[in-house]
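In the two assemblies presented below, chain A is common to both, partnered first by chain B and then by chain C.
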Partner chain A sequence: MLSGKGGTGKTFVSVNLAVTAKNAICIDCDVEEPNGRLFLKPEESVTEEVYTKLPQVLEEKCIGCRKCVDSCRFNAMGFIKNSPLVFPEVCHSCGACSLLCPTGAIYELKRPIGIVERGRNKEVQVITGILNIGEASGIPVIQNALDTKITEKSIMIIDCPPGSACSVMESVQTADYCLLVVEATIFGFHNFKMVYELVSLLQKPCGVVINKGDYTYYPLINFCKENNITILCCIPYQEKLAQIGANGEVASEKDDETRMIFSTLLDKIRMEVRE
Partner chain B sequence: MESEVCVSFGRAPYFLVYDTQSDVSNFFENPGAASQGGAGIKAAQAIVDAMAETLLTVRCGENSAEVFQGAGIKVYKTTKVSAKENIEAFQKGELAPLTHFHGGFHGKI
Partner chain C sequence: MKKLLILSGKGGTGKTTTTAAFIDFSKADAFADCDVDAPNLHLIAGMKGSPQKTHYYGSEKAIIDDKKCVDCGVCNQNCRFQGIIRADGRYSVNPYACEGCGVCMYTCPVGAVTMEEDIAGELALYWEERLFSTAKLKMGRGNSGKLVTAVKKQLEQGHDNEELAIIDGSPGIVCPVIASISGVDMVLIVAEPSLSGISDMKRILRTAEIFQVRMAVCVNKYDTCIENTEEIKRLCQREGIPFVGCIPYDEKVSVAVNEGHSISKINCPARDALYQVYENIKVYFI
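For the complex of A and B:
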């Protein structure tokens, strides 16, 4: 599940699809703002801490050869006054420096950066990645959340972070099919094109869900036609859906019409994936 | 010497090293310019390795600033267009230290 910006209803679609599919694993990779769990309210949750490794230099062992600095492909190290200096926000925790240091002067310090919560809501397995506030990269948390076994009968729904940054790429990699949620407005359309570009770059099949709109926003409709993108469904804006959402409830459990929309959507996706 | 000072420190294509005692100047390529991330750190490192004492630039990021601070390099903000004018202004004591360092993008594109 992707969208160009936040608030298009990506979580709404993910949660409702998961509930409709029943046998589903819903993974929230929007680690800076994971909202799916507010609706799915998982029970019996188990949390696991996610760490990243940060290299530390033991100055007394360092001989100043600069191998570490020169070998860091992320330029995360400087060399000042005869000793290396690590920049935590730039470091990708690749481990190259500690591996290459000839004197063993670098060791890796584990630093917690977030958690992954695993629980369930009836037949839906609910997995949520949560990044600690102020952390720059959520990738390790996303990787941990995605490291989940899928059984043959179940479907996995991955709620990606908004936008088209590295964390989105990471989330999309294992997907068989991408669902692009878009709002039928000029901004929604602009952001949608960027996400579509990313998905085509990764050569993933995809389809569009128009949320809070109808089929009359022609720039979007025409763009989809020209690029041969399937519009799977259109969910009109309805007061009752907003109300259900505000109460922290799942619309397709409360409202028959919404349940129909999502069960049709699910069938269409299944057909698309089979093709 | 007549060339303009680049608006970005980390992404500047070249650096000019100027020896105020001998008036000798030298250009060298910025090894950070083409790197995807950590450009400021790599560029700052090149300044440190060039044994510079002072840097004149339009603006620079937090990471570069940290390298300069560690290495004891002073950073001043350029106000003129060409390198030559700025060096002259610096020598007359007309340039102010650069105090605002912008946050980096840290590879988050």
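For the complex of A and C:
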């Protein structure tokens, strides 16, 4: 599940699809703002801490050769008073410094950067990656969340972060099919084109869901036609949906019309994937 | 130059619409779009002419020389970012995963790996009667924080005596946001009255707190859920953050935006409410 920007209703579509599919795993990779759990309200959750590695210098072993400082390409190390110092906020945990230290003076500590929560809502397995505030990269948390076993019969729904940056790549790589959720506005269209570029670059089959499609935005429709992209469905803006969403409830559990929309959508996706 | 940054947890809360309207209200002649992953402000900022564009080199990427490589796989074993791919027994670099750490180059026994500068995006600068700095990150590149810093540097270029600069921030809480916040004088958070909107807002407040910048909050589409709007107001009161106004849901907003202009030019309730927000925030800011 992808969208070029936030607020297009990507989480709304993910959550409702998961509930409709029943036997589903819903993974929220939007680790900076994981909101799926606010709707799915998972029970019996277990949380697992996600770590990254942080180099530490053993001063008694260090001979002050500066090899570590010079090899760090992220300027995450400085040389202060004849001994190397690591700046944790910039360190990418690449391991170059510890690999290259000639005396083995650098070892790596585990540093927690976030958690992955695993729980369930009836038949839906709800997995959420949550990044600690102030952390620079969510990728290790995303990787941990995606590292989930799937059975033949179930469908895995991955709610990606918005945008087209590296964390999205990470989530898309594993998918068999991409659903692009787009809002029928100039912004929505502009961002959609960027995500579409990413999906075609990775050669993933995809389809489009137009959300809050109150009126026909022709540039979008024409673009889809020209590029042979299937428009799977169009969900109109409805006050009742906004209300249900604002209260943290799942629309397809509350509203028959929405349930129909999503079961049709699910069937269409299944057909597309089989093709 | 005094800098006002407009932020929201998630995108789509009306951040860019707010920014564009504020630019018109304040007649600011310096502004920037720090949403380098999905820049949108240029679509409605009404700039004429074409910008001066420069490549942005974010980092380096590894390159394996086919002729020298003996396919030993040492690079693959040491790379922590799955940056090396193995296909048909041969090794190559996946530029989307490579972080440019250099470990493969350091460890390759035959010196088959070199590091090359990578074009990670493009900076654009409009500089006529008004200065507008924006940028676009290339697909799948990760160092958006640094690009945001570059956008802000462009903004400061030669325009240091400007009264007010308005910056459209990036969504989320991570590096680009941190880079957007640093050095600004005030942050306006555009919140949405939904459970997820409140949760996002709390996270962004805590991020902004770390930087000790002044903050204010407004709610967009407040009438989609009055109760949650009240909840946001109470939250602001508890935390001592100025609440500067409510903007109603207004169909005219999408119409204006889709025609490519700011809503400041259209007579509608959302514009009037935004103007009020602007007046209110001036009290705390200017």
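Note that the second predicted complex is superposed on the first by the 242 of 275 C-alpha atoms of A that agree within 3 Å, B and C clash if a C-alpha of one lies under 4 Å from a C-alpha of the other, contacts with A are read in each partner's own complex, and residues count from 1 in each chain.
In this section, a contact is a pair of C-beta atoms (placed from the backbone, for glycine too) under 8 Å apart; a residue touches a chain by one contact, two chains touch by 3 or more.
This is a predicted model, so every value here is computed, not measured.
Colleague: Considering only the touch criterion stated at the top, classify A:Phe74 as touching first (chain B), second (chain C), both, or neither.
Modeller: In the superposition, A:Phe74 contacts both chain B and chain C.
Colleague: After superposition on the shared chain, which partner residues are touched by A:Asp28: those of chain B (first), chain C (second), both, or neither?
Modeller: It touches nothing on chain B or chain C.
Colleague: Is A:Phe87 touching anything from chain B or chain C once the two structures are fitted on A? First, second, both or neither.
Modeller: Only chain B is touched by A:Phe87; chain C is not.
Colleague: Looking at A:Asp159 after the superposition, I want to know if it touches chain B, chain C, both of them or none. Which is it: first, second, both, neither?
Modeller: After superposing on A, A:Asp159 lies clear of both chain B and chain C.
Colleague: In the three-chain superposition, say which chain, chain B or chain C, touches more residues of chain A.
Modeller: With both complexes superposed on chain A, more residues of chain A are touched by C.
Colleague: With the two structures laid over each other on chain A, which partner does A:Ser137 touch: chain B (first), chain C (second), both, or neither?
Modeller: In the superposition, A:Ser137 contacts both chain B and chain C.
Colleague: For A:Glu117, using the defined touch cut-off, is the partner it touches chain B, chain C, both, or neither? Pick first, second, both or neither.
Modeller: neither
Colleague: Identify the residues of chain A that lie in both the chain B contact region and the chain C contact region.
Modeller: 74, 92, 136-137, 165-166
Colleague: Using the touch definition up top, name the residues of chain B that touch chain A in the complex.
Modeller: 32, 35, 37-39, 41-42, 44-45, 48, 63, 66-67, 70-71, 104, 106-109
Colleague: Give every residue of chain A touching chain B within the complex, in rising order.
Modeller: 69, 72, 74-81, 85, 87, 89-90, 92, 136-137, 165-166
Colleague: Under the touch definition given earlier, write down the residues of chain C that touch chain A in their complex.
Modeller: Touching chain A from chain C are residues 9-13, 16, 37-38, 40, 43-44, 59-60, 78, 80-81, 96-97, 99-103, 106-107, 115, 137, 139-142, 144-145, 171-175, 178, 192-196, 199-200, 203, 206-207, 210, 224-225, 228, 251, 254, 257-258, 260.
Colleague: Per the contact definition, I'd like the list of chain A residues that touch chain C in the complex.
Modeller: Its residues touching chain C are 4-8, 11, 32-33, 35, 38, 71, 73-74, 92-96, 99-100, 131, 133-138, 161-169, 183, 185-187, 190-191, 194, 197-198, 201, 214, 217, 239, 242-243, 245-248.
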